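Next come two complexes built around chain A: one with chain B, the other with chain C.
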Partner chain A sequence: MKDRSAFTFTRRGFLGTTVGGAAALAAGPTWAAGKTLNVLSHKVHQTVLGADADDLMAAWKSANDADISFTTFDSNPLQDRLFREASLTETDYGVGYIIDNRPTSEIASLFEPLNDLTVSDPIEDFDDIAHGLVQGMTVDGNLIGIPVRHATQGLFYNEALLEEAGISAPPTTLEELVEQCNKLTFTSKSGTPVTGMILASDLALFPVMFARAFGGDFITKDFQLVPDPAAMEKGLDVLRAMFESGALPRSYATTKNDDQVTWLQQGRAAFTVLPFARYAQLNNPEQSNFPGKIKAIAFPGSATLAADKPMASIVEAWAMVIPKNAKDKALAWAYIKEVSSKRVTLGMALNGNGPVRVSSYSDPALISKNPLAEVEAMVLANARGAFPPFPEAARAQATMLEEVQLAVIGRKSVKDAVASIIERVTPMMPA
Partner chain B sequence: MKEEGKERLRSRSLAHLMPLIAPVHILILSVIVIPSIYVIWLSVTQSSFGKAPSFVGLENYIRVLTDPAFHRALWNTVGIVVVAVHLELAIGLLLALLFASGLPLRRYLLVAVLAPYAVSEVTAVVMWRFLFDPDAGPITQMLQSLHLPILDWSYEPTHAMILIAMLTIWLHLPFTFIILYAARLAIPLDLYEAARIDGATPLQAFRRVTLPLLGPAIVVALLFRYIFAFRIFSEVWLLTNGGPARTTEVVAVYLYQEAFSYNAFGTAAATAWIMVVVSLLLAVGYILLLGKQVNANAH
Partner chain C sequence: MRIKRLIIGSGKAVAVAALLLWSLLPIAFIVMSSFKPGREIFAVPPHYIFTPTLDHFTTLWTRWGVFFDGLVNSTIITAGATALAVIASTAAGYAYSRNSSRFLDSSVLFLIVVRLIPPIVVTLPLFPIVNALQVNDTHVVLMVLYATFFVSLGTVLMRTFIDQIPRELDEAAQIDGAGRWTILRRVIVPLAAPGILAVAVFVVVFSWNEFLFAFIFTATKAKTAPLVISEMIGSIDGVDWGVLFAASTLQLAPVLLFVIFMNRYLVAGMTAGATKG
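Our next item is the complex of A and B:
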């Protein structure tokens, strides 16, 4: 009688299959393009490059016999993954997207300095890229990233709701904004309860904007912490008063960035602060109940703000970096050059990207498609980051937000909250 | 023939036998022992991206243990664990007894009770967040229309903790229920018959027959749930993000913030080890009880 099973799996067979399988995988699929550039980015960076017939990178792919493989994450997980990849001995990712408030000296040391490349294999009209954004990516004298996108914050409002409340024009000062927010905290004709303004509570940029409306700030570029505590107190006083009057929703402390978009689209809020690039999404007829009625202006400063000190909105910039441990840096640089070209920058701008080239704003196609191009360019001229990069920046931001939340929802006096911000963040500041 | 085989096996040296059990050892070493040692090493160093680790001794442990945010997160975690796990056990036990007593449409009801275990945590949280939305949630509106108090979880930390506890009970009830239900079904019916003949009331039968025989299953369910509940993360992270103002933060969220928001790997690793120790301390009573039961069964 046979004592062997019909299905036998010998050691030789097992080893043979393993080696064969590994060899097949190593050989790679033969149907793909000759090379693949792996890119770590946010989904928006991939979307603005277009797809299929509208793929802005189609010619580049064909010329370089290369395909682009995107791995996308939300902002914070993206930064974490990028730094983790760049900390390995070697990474498959050739290009990563970095936010301008992240590159400290330590982080910058993980990425390829690009100064020499911009000379030996230059980007088309490099001087056209906003100098402030380029400076933001220069750490210890090394240019580590090429700016690709900026998100400049503007004040969005629902024109239909303003008209319904008998308001003929959007506010020109912060005081008017508060007044309109209070007036717009009502039940609309459609029966929807409307709140004057919706703001996410987990992002530093909102309290910083309100502090700047009075000439204050959180951390300046030269690392001064709360340079004008009285201005910060005034900004937080406004937010607290709005919360108490219901002009900020009771769910303020758990409101997230996505809620701002949906509340405005659904007519549940009259005002919000978002990047100008959100204009198309907010007015998208498939998502919004008010297509064409959601407009934007510059966030207004207080009437008490000195005339010679314009309101500085917040701008967040993204740049493309090459990890030092990347395998194919030449292909990565070729990609960066193409994405930074005038043609692709304009194409991305038409797809909703904040263009980093000054010339893009004067392009007739962009002006006709994006009615906010002019106001965005004007706001961008005075805008700066919420805070500069330093090793404990994320912890400092979280500490500030904790105190701001306590003050806004009335668990702590505004004065005490500002004093706590200064006391708790001071040890985190760079020496 | 069999004896010969055993003899041959005995005569083989340890070196010959080692390869047979090596895969298990390699697996345990690679997924538990080595990572644990690495985390211990990380916990006594200070490191971040682009910064080489430097030895700091127990500084990270001191920093975490003296951080008021950690104290608050620890108390929140212990509170949720103690309340949610015991409530879940009570509800699970009640349901198990109800099902065992014979319910109409038992199969369908069983599916309904077990369904939350098939729902991903993220989906469940999004669903609950929608239902209990303080402004437009259907449950909030229903409570308001009935002039009942609502769960103001986005503003009141205690309300947020109640919602988190309710959510975690709903999500994990099937685990506790299925253990207790299986154990209850395994109790021979003749024991209840004997109790009835001896004149025991239903309550006495529960106290003298059901509860003692369900004891081992209850301890196992509690032990596992204590350990799982101590790691509670997604319910809090997705519902409140630890807010308002970090008042609903739990230890796992604290750890996540240290590791992935602040990139402070040393303090994150120290927090992880503190979590292990505290969850073991919380569960130690049940572990001893389990040990006693195992020994008693062995004899």
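Our next item is the complex of A and C:
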């Protein structure tokens, strides 16, 4: 008798299995979520929501039988993609993340007004979300985005270098800051040449901060261009004097934002201005030569600044919007509501997000994890954007920076530079 | 005389060394930095001797898994685009080489003009079309776009290569009963292989590194590696330079090895027809 294998595989069986398998795959796994919400964001917005066991949205996904699919880009490409998607007849994206200095009237018209939804299907304790951030997302009377993240600028300093230079405490006024920067332009014990301060020259926020330290501004919320030219001149005078004394690096004109981080981590600069959220990176022992020694305070105003006019730092905020052409707006709003809840806002803050809820800052877990929580909350209370959104904002910023650079490196007098800013930017201002 | 030759020789050596330094230094910096501990990457003065670490590659694997998906997508798209461009260019090059008419001759100019159009000009109008066709975020759309942009240059290159193959070979094959396709497959393709490889090198390098089309036409499923690297650079919570350099090294390595391996074909492609009378 011929032995037969216990397992035989016929052609019919093979074909049947193949067809059946293909059909099963085509039908999709039965355990998959019923719906998918497509979200267009920066990677950091996805990261702060956690993943796997720490997924802050796990309960929402299960309750809504939905999955979330993130498409992430860098900030500017993200805004570009979001506006293009929202301009189509229909988009697959339910939620997009927008920066607060982008929504002009034209751009805002691409997104769903949310005023009615906040009444008919309210967000938990909506008044707890910082009012300034909510206002920043209100265009032509329509609330178009719910704030979700902010980056507020603070003054970072290297405590070890301050101690080495015999400075016992960080500055409390702008004048003290300049004095300390000059003192800290030296060669440290390790032989590293140190500059007092490093600032990127391609970002408007720094000259704006220095102007605000004297009560001035670049463009106010109500579109007044350089409302106090004398204050702007004083701010630029300080920057120019620092450049002349070497307290700003000779490479100022080519300095970028990332240089600020690496110079501080390497001990090549004593002070810089960065969002408070950079604290963890600046003190990361794997990257920094001074882990635990880089601290932050509020950027100080001038001693001449009126007591009733506190120094207004700069804040940049992100908000969640629903494109008008989105397919499932109900699901999108449900997502926004959940992300804006107290629980998720706090969870994101513990993961490194700048919380938009005032109450988050008093949470003991956040205070113990983020030593800057208290000072950040205080600075946030008075902070506002570098300038409001308007169609020619990018060109106005570039023009202003061009004049500021000429003034700081001594190619133009500060007075002439400020006059040029006013003359050149005026035609770009909204009517 | 001898001194003059020595001076010229030394001058040439210095020029070559300067050129090599100019082109290799950034690559060396990226590769070295990917193995340096994070604190030493931007140390002043620079640390040339260091204990190498694979930490950045490990972090890349754990935190930026999407980068490896991007590499897979880049490979699929590059392979598809190369195959498409090579097939189309060879067939078109053969047609241009072996046929002549007023229409064909004037269309060569059109091919060159197409190549001169900046990609951004056609990209934005294509966005709504690609969406309407529902091929956004697919490998196919990038394969077709990359191939399309290289078919013009590839065709001109292939025509030059095929021009150098004696027509008598075609005629001999024809007498033996071969049709056009048989002649193309059995006679032209084997003899024009260096040209095909040269075209392939151009398409591979372009497709592997391309950013603009990938940015406009992909989202998640077909996202390529350069897009993920751009996200790392623009990270709003700070750039992790070690991880960024690790990703750049991995992105750079395959195409660098490929170009080194195919170097002689690339030169052949660039000089094709240079000595033609």
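The rule is short, and it goes like this: the second predicted complex is superposed on the first by the 398 of 431 C-alpha atoms of A that agree within 3 Å, B and C clash if a C-alpha of one lies under 4 Å from a C-alpha of the other, contacts with A are read in each partner's own complex, and residues count from 1 in each chain.
Note that in this section a residue touches a chain if its C-beta (ideal position, glycine included) is under 8 Å from a C-beta of that chain, and two chains touch if they have at least 3 such contacts.
If you're wondering where the values come from, they're calculated on a predicted model, not measured in any experiment.
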What is the contact status of A:Gln224 with respect to chain B (first) and chain C (second): first, second, both, or neither? neither
Mind working out whether A:Thr172 is in touch with chain B, chain C, both or neither, as first, second, both or neither? neither
With both complexes overlaid on chain A, does A:Thr262 touch chain B (first), chain C (second), both or neither? second
Is A:Glu402 touching anything from chain B or chain C once the two structures are fitted on A? First, second, both or neither. first
Applying the touch criterion given at the start, work out whether A:Asn115 contacts chain B, chain C, both or neither, answering first, second, both or neither. neither
Touch test for A:Asp202: chain B only (first), chain C only (second), both, or neither? first
Taking the superposition as given, does A:Pro77 touch the first partner, chain B, the second, chain C, both, or neither? both
If I apply the document's touch criterion, which positions on chain A are contacted by chain B in one structure and by chain C in the other? 76-77, 84, 193, 268
Residue numbers on chain C that touch chain A, as the complex places them: 37-39, 42-44, 55, 127-128, 131, 215, 219-220, 227, 230-231, 233-242
Partner chain A, residues of chain B touching it in the complex: 48-51, 133-136, 152-155, 239-241, 243-246, 257, 260-264
Report the residues of chain A in contact with chain C in the complex, numbered from low to high. 38, 42-44, 47, 69-77, 81, 84, 88, 151, 192-193, 258, 261-262, 265-266, 268, 277-278, 281, 284, 286-289, 352
Of chain A, residues touching chain B in the complex: 76-77, 80, 83-84, 86-87, 104-110, 193, 201-202, 249-256, 268, 391-392, 394-395, 398, 402-403, 405-406, 409, 411
